[in-house]
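Chain IDs A, B and C follow the sequence of writing; residue 1 opens each chain.
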Amino acid sequence: MTDRHGKPRGLRRLMNLRIGAALTGMWCVVALLSRFWTPADPTGMNIAQRLQPPGVGGVLGTDQIGRDIASVIMSGAWTSLGIAGLATCLGGAVGIGLGLYAAGMGKRTERMIMTVLGVLFAFPPVLSAILLGAILGPGALTAVLAIGVFMVPVFARITRSAAAQIWTREYIAAAFMAGKTRLRISMEHVLPNIAGQLVVQVTLQMGLAILAEAGLSYLGMGVAPPTPSWGRMLADSQTYLSSAPHLAVVPGLAIALAVLGLNLLGDGLRDLADPRKGGAG
Amino acid sequence: MAMTTLSGPRAGLFWAGLICAALAMVPAFAQGDRSVTFVQAVEPQGLDPSVGSPVAAGQVTWQNVFEGLVRIDRNGAVSPQLAESWRISDDGLRYEFQLQKDVKFHNGAPFDSASAKFSIDRILSDRSTNGQKALYSVIEEVSAPSPYRLVLRLNRPASNLLYWLGFPAAVMVEPQSAPTDQTQPVGTGPFVVTEWRKGDRVVMRANADYWGDAPEIDHLVARFIADPQAQAAALQSGQADVVAEFGAPEMFARFQSDPRFTTHAGTGEMEVVAGMNNARPPFDNPDVRAALMMAIDRTQLLAAVNSGLGTPIGSHFSPASPFYEDLTDVYPYDPARARALLEKAGYGAGFSFTMKVPTRAYAQRSAEILQAFFQQIGVDARIESSDFPASWIGDVFRDTNYDMTIVGHAEPLDIGIYARDPYYFNYHSPAFEAAISGIDQATTPQARRDGYRQAQEILARDVPALFLYSAPKLGIWNKDLAGLWENGPVPANDMTDVHWLR
Amino acid sequence: MAAFKRIAGRVVVNGIALLLASVVIFALVKAAPGDPAQIMLGTSAAPDTLAALRVQLGLDQPLIWQYLGWLQGIVSGDMGQSYTYDVPVSGLVASRAAVTLPLAALASTGAVMLAVPLGVWAAARPGGGADIAATVLAQMGIAVPNFWIAIVLILTVSLGLGYFPAGGFPGWQSGWVSALQALILPAISLGIPQAAVLTRVTRAAVLDLMHEDFIRTARAKGLSLRQALWRHAVPNALLPVVTMLGLQIPFLISGAVLVENVFNLPGIGTLAYQALAQRDLIVVQNVILLFAALVLVMNVLTDTLAVMLDPRLRGRG
């Protein structure tokens, strides 16, 4: 059974949400668990046992210096989710704040903020991130900043347009009458009403952030060794492709499953909030 | 209905598939028999190896386009080139060269003592940007008493001068064209540069008027591919014939077992060392440095970093050199003794420091492994990536703002860097400096040999840097090619003797 | 008049944004540590040699003059000389654009050719097998990093099957066939995530139109569902697809750096990446400014398009 907009009712509508929540939850558990327990030391090298295929040296094999890949992946989840999460927090907090402010403060402020954000939006993200990496030096902070900064205009735009719609509602006028300030109205009436849309966006942006972190680490702009990182695992694996393809396949799959989980979760949440809208990107 | 089929949902897929299939059918590369394409990782900034930082320029044009008075041959020995013979005075202060006659530059100008004098004066001039200028600074005066006689006067003996003159940095250039040599090089070599496609390749053709034996290939192409994966792909797809210094040892085995290629793991000139700031505690303490050296199992390190290819070293010297001495047993791998030494030095509880590691694969990998080895003796090394060369040169090399770093020294016979002041190790040893100046003043081969031996031994005991390994020169080329260099006494792609067997 | 005024306003705003961007770019580029002269001359260069080169490159000038000089050059169409190659930056950029632009065009064309049929196919029977397959494919396509697709394609298609070169670019002068061959795999890597996004957009757009009256009318006239979709729904659904594509293209071009890197293509991305490593700052600042300009021009174009299509604005004045 499907409804008018092609969204199946019941089971499949919730499939997105369920699979997404399960995958995302799994990675969160894995990331947290890695702080207390991994099958082996994720930084412990064992050169004699290097490049073992999955099943032989540990569940997922060993890497080029004999570390247990399963353990590295687990710790890498902490790094990837951590950096992606922090970047999304940074981009979300600043972007949502600016968006709310722009929507609440009238045309002139709005235009100014959006022009400045337009400048930021115009920067090529990958190259600018590399440039930031050159200025600040590679590391976790650089990755968080480089990824977070480019989320600011995205969050600001979405927040502003969503908030602008709320500002036209009757109850806003009523709140004005009651003598509430624009700031209070933004926080008490506007934000709660657009929170659903923002949560969806946070989930989707976090998926993109994981991809971005992988790309930056691939270019050597991510966390420093020995802190495990999925992107650096991919970069390191490249020259072992033919002799030990699992070195590339495993982190690639980890990235794909984490991003997939977040995307499905985002879509599912959107369906839940607004069943009429289809799953358009 | 026909319309529906054409614009139907599968039509796009169909056409895309068809186009892809059609393109896949066409052979990927058509190549003339007498052309050779070699690959190098770094594209030079200019093509004149006597200007700027010369390594990458030399890899393209040295011997192929530019020649020197003398040359370093494939065995690392000095042999005559544009100078057919020479005489050195007994006090070692006067070099007289007899030059080749009938040599023409690519632009038709003759090579004679005037152009030779010009070339050397240009290296020595105040406005010179020659990266190796310091090596030639012993030359006080250049004179050209007759068209084919060149005389150099030195201000002190330098037994290595002939060797330095055989380097890419000392090639002969033509006075009129010298200012444009960076983009349109004019040399005396068997190949002429016809095109430089920036970011991709330099194309050369055989020089019909070459003064020596004409090369057996018509076209020579230098391609610049930084990524070893892409280098491998270029070889396997036939887009390149030669990679003289392959960057990924872990992929080498695949080529060794591939019947289409000849491989050779030769010795190179690059020593990978973990330099320490000898002026900064605790690295000013020789016991600490020795302890760190003994914490490292160099064989294991090579296995992990270089798939076991290369040679562990105990001092700053290449096994390719006739003067080489194996000193790895001065401080062998022995964590227990290392801990005892730390205890003796007052660091029984260990210490922590930062490794500023260049953003190069070999350095990053070595750093991770050193970190694990140091952990075993209670020393905590933090890894900080340093953008190479941009940040590293300023921060580590020039300002010596570092504890430890890891870098490969690629210049041949460069043990003298430990006697330089200032130099980034901040190492000062009167005994070592005496040994180096002894080598310069040596007048007999035996004296030189003894000097180099002594210098190696002092470094092996003092360990101003942790001596890790000598990087192999991993050559891979099409099995139908012959005449390539198997070892790398100088970073070069000398293609002058190369020919196709089929 | 209103329409014209509004477009003119957008041009002015975006022009100011570009000027602001140029200030930020210049400041960032100058903040990068490392002395271009030292990097060019290597570790053994003498201090006087370095100073001479700095003068030659104009790096001894006060920053404000360097900035104004750069701006003045751009206005008169001169982007300056590359430090490392010592050739005009504009020529360098143009020769690299000859790789990156066709690559992006190929990737976008391929993405549309794949995404539109897939999206329509999925929308024809929502919840059916095709829909689920397309949705899953689209989700996977978005979740996988494009440089990883590149790595896997090299391993399987180039090295495994021997089709298509695994990297490098022979140049257009060696014939368009071999040049296109070199771009196919990079275009696929770049195009897959793009196609995944467009599939979702197409599917949603077609779904929205499915129940419109004109589709019902077409069905009533005896057209099959598929015919009705292709003749009537698809042309209407293309607008959101094209809009999405238009917004994505600048990022597709600037984001190609990773894929260009894996395939060793001499494109604009690799140019900027290498220039940054060698601190060929003049190249870096020009390339980034160019990308920013591209985004802003696209902004103006989409705004203009919106204004032209907006009957309220078109009608007046």
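Basically, a residue touches a chain if its C-beta (ideal position, glycine included) is under 8 Å from a C-beta of that chain, and two chains touch if they have at least 3 such contacts.
These figures come from a predicted structure and were not determined experimentally.
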| item | value |
| --- | --- |
| Intersection of the contact lists for subunit A and subunit C | B |
| Most distant chain from subunit B by Cα centroid | A |
| Pair of chains joined by more contacts [C-beta pairs], A-B or B-C | B-C |
| Distance between chain centroids, defined by C-alpha means - subunit A, subunit C (Å) | 22 |
| Cα-centroid distance, subunit B relative to subunit C, in whole angstrom | 37 |
| Geometric centre distance via CA averages, subunit B-subunit A, whole Å | 43 |
| Sequence positions of subunit A contacting 2 or more other chains | 134, 238, 241-242 |
| Subunit B: positions in contact with at least two other chains | 227, 229, 387, 390-391 |
| Numbers and ranges of subunit C residues touching at least 2 other chains | 32-34, 151, 154, 159, 261 |
| In the complex, subunit A residues that touch subunit B | 43-45, 47, 50, 64-66, 133-134, 137-139, 220, 224-226, 236, 238-243 |
| Subunit B-touching residues of subunit C, taken from the complex the two chains share | 32-35, 38-46, 48-49, 52-53, 84-87, 92, 95-96, 110, 112-114, 116-118, 120-121, 151, 154, 158-159, 162-171, 177-178, 180-181, 184, 226-227, 230, 261-264, 266, 270-271, 274, 277-279 |
| Touching residues on subunit B, where the partner in the complex is subunit C | 4, 7-13, 15-16, 20, 23-24, 26, 28-29, 43, 45-46, 52-54, 126-129, 131-134, 182-183, 197-200, 223, 225-227, 229-230, 233-234, 236-237, 239, 387, 389-391, 393-395, 397-398 |
| Complex interface listing, subunit C residues touching subunit A | 13-14, 16-18, 20-21, 24-25, 28-29, 31-34, 123, 126-127, 131, 135, 139-140, 142-145, 147-148, 151-152, 154-155, 159, 196-198, 200-201, 203-205, 207-208, 210-211, 244, 250-251, 254-255, 257-258, 261, 269, 272-273, 276, 284, 287-288, 291-293, 295-296, 299 |
| Complex interface listing, subunit A residues touching subunit C | 2, 4-8, 12, 111, 115-116, 118-119, 121-128, 130-132, 134-135, 207, 211, 214-215, 218-219, 234, 238, 241-242, 245, 248, 252, 255-257, 259-260, 263-264, 278-281 |
